[in-house]
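The structure is given below, and queries will be raised subsequently.
Which chain is which? They are A, B, C and D, in the order written, and residues in each are numbered from 1.
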Amino acid sequence: MLSGETQIRVRYAETDRMGLLHHANYLVFFEQARTDLLRSLGTNYRDLEDQGFFLVITKVEVKYKRPAHYDDLLTIRTTVVKTSPVRLEHKYEVFGPTGELCCEGGTTLACVNGDGKIQAMPAWLSQAK
Amino acid sequence: MLSGETQIRVRYAETDRMGLLHHANYLVFFEQARTDLLRSLGTNYRDLEDQGFFLVITKVEVKYKRPAHYDDLLTIRTTVVKTSPVRLEHKYEVFGPTGELCCEGGTTLACVNGDGKIQAMPAWLSQAK
Amino acid sequence: MLSGETQIRVRYAETDRMGLLHHANYLVFFEQARTDLLRSLGTNYRDLEDQGFFLVITKVEVKYKRPAHYDDLLTIRTTVVKTSPVRLEHKYEVFGPTGELCCEGGTTLACVNGDGKIQAMPAWLSQAK
Amino acid sequence: MLSGETQIRVRYAETDRMGLLHHANYLVFFEQARTDLLRSLGTNYRDLEDQGFFLVITKVEVKYKRPAHYDDLLTIRTTVVKTSPVRLEHKYEVFGPTGELCCEGGTTLACVNGDGKIQAMPAWLSQAK
């Protein structure tokens, strides 16, 4: 299965009153991680949108295991776990600086056109390995 | 079951390149919605933290049904679906300006102390109705 | 001069490790405040964009006086201080829950078309009082 | 004068309805840039806070020159332009992928203790070159 890793350092603005990475930001990190994975295939999501293919999120699940802190350099391992002509499913594991698992997540993306109608994504994407 | 409604207007900064509310912001809206629900009980989450009770999120699930747009006035219906001495489960339904369901979600919160150790929350909270 | 007030409660996600409203969020609040002012004229910024008039920010200045805290209900007083056919200048004063001045700011907006070229804004907007 | 460069790629969540980097995010990027500069001195801001020295922002100015787009890899050149025992002034220049100047900014930071009172910062910081 297609997978990759990306590293993101926790910004001050991404922490909250508890001094920890605010939980909503994991979704932003997942998004960066899966676009980095796409980049590793030699393309990028911006071009995909410019060609009329929009990947919209239809479902997300996150399990928060351990907190991440300001300035932590996190490693996100992203794996494509299921594909169809119109859907992509990713899972994500977020590891802290000492390798501990901070968070696990999963997303489902659907491919739509500029009017929001479901359409098949390019075959190279749904068949990427 | 305890439930309530809160209204939030989508800010420009909360939209993205597709012109829609970015999906991570729903988690921020859920958080505001459940603190508004707490406020309706005559208290607020800030006081709870100041008394040493921190509610940390351990799980979130979101199903995105229809997009929300810039300047839309959204209505979020929040319901406490399960409680225990140390955990709270909420569900959320987000409705757009014409009453359409945009998004459904669920969160699990655990009560911890200032060191991050699980502790029982005040009884009035776990037993609120 | 045209002016108005808007109230915004500080969200948990908008605080940072110091427990205070993160300084970047004041720009988001200014934006909400000036769109609320526009709404008080009987129109809204979304319609303005849909008619091909985009107000882009060219300059911002902020002086931070006192911190704002989680859950504070802030009052933002917004005033149009200068207008021209292609530019709008606003100033903002942000007051905390006991009326103390937390922050002062100013922005300059330019009106552009969909291609980013400067164009005159509708006369009712540049001449609003 | 002490200066350095940092690179930041624009995330999808950081764009807005115009398809451009939302203007408030430049402040977040400035913050990351100046903490990277601190890191290049062999320390980091987290340690500084843990030692009781908090750098709070008292003033910011930004001039927006050209828009930055989704997925652009921006280069931020950060320079310490003035120091005193209790204050640090930085300027920032943000360059787009083809070297064009997108944005210029300046910030003033004051050093405070955990109670928010002004205090002298460590000499190695105010005298860094």
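The rule is short, and it goes like this: a residue touches a chain if its C-beta (ideal position, glycine included) is under 8 Å from a C-beta of that chain, and two chains touch if they have at least 3 such contacts.
In this text, all values refer to a predicted model and were calculated from it rather than measured experimentally.
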item	value
Chain pair with the higher count of C-beta pairs in contact (B-C, C-D)	C-D
Label of the chain whose CA centroid is most distant from the centroid of subunit B	D
Cα-centroid distance, subunit B relative to subunit D, in whole angstrom	32
Between subunit B and subunit C, centroid-to-centroid distance (C-alpha), Å	27
Length of the line joining the C-alpha centres of subunit C and subunit D, rounded to whole Å	23
Shared interface positions of subunit A, touching two or more other chains	12-13, 17, 24, 27-28, 31, 70
Complex interface listing, subunit C residues touching subunit A	12-13, 15-17, 19, 22, 24, 70
Partner subunit B, residues of subunit A touching it in the complex	17-18, 23-25, 27-28, 31, 49, 54, 56-64, 67, 116
Of subunit D, residues touching subunit A in the complex	11-13, 27-28, 31-32, 35, 44-46, 69-71
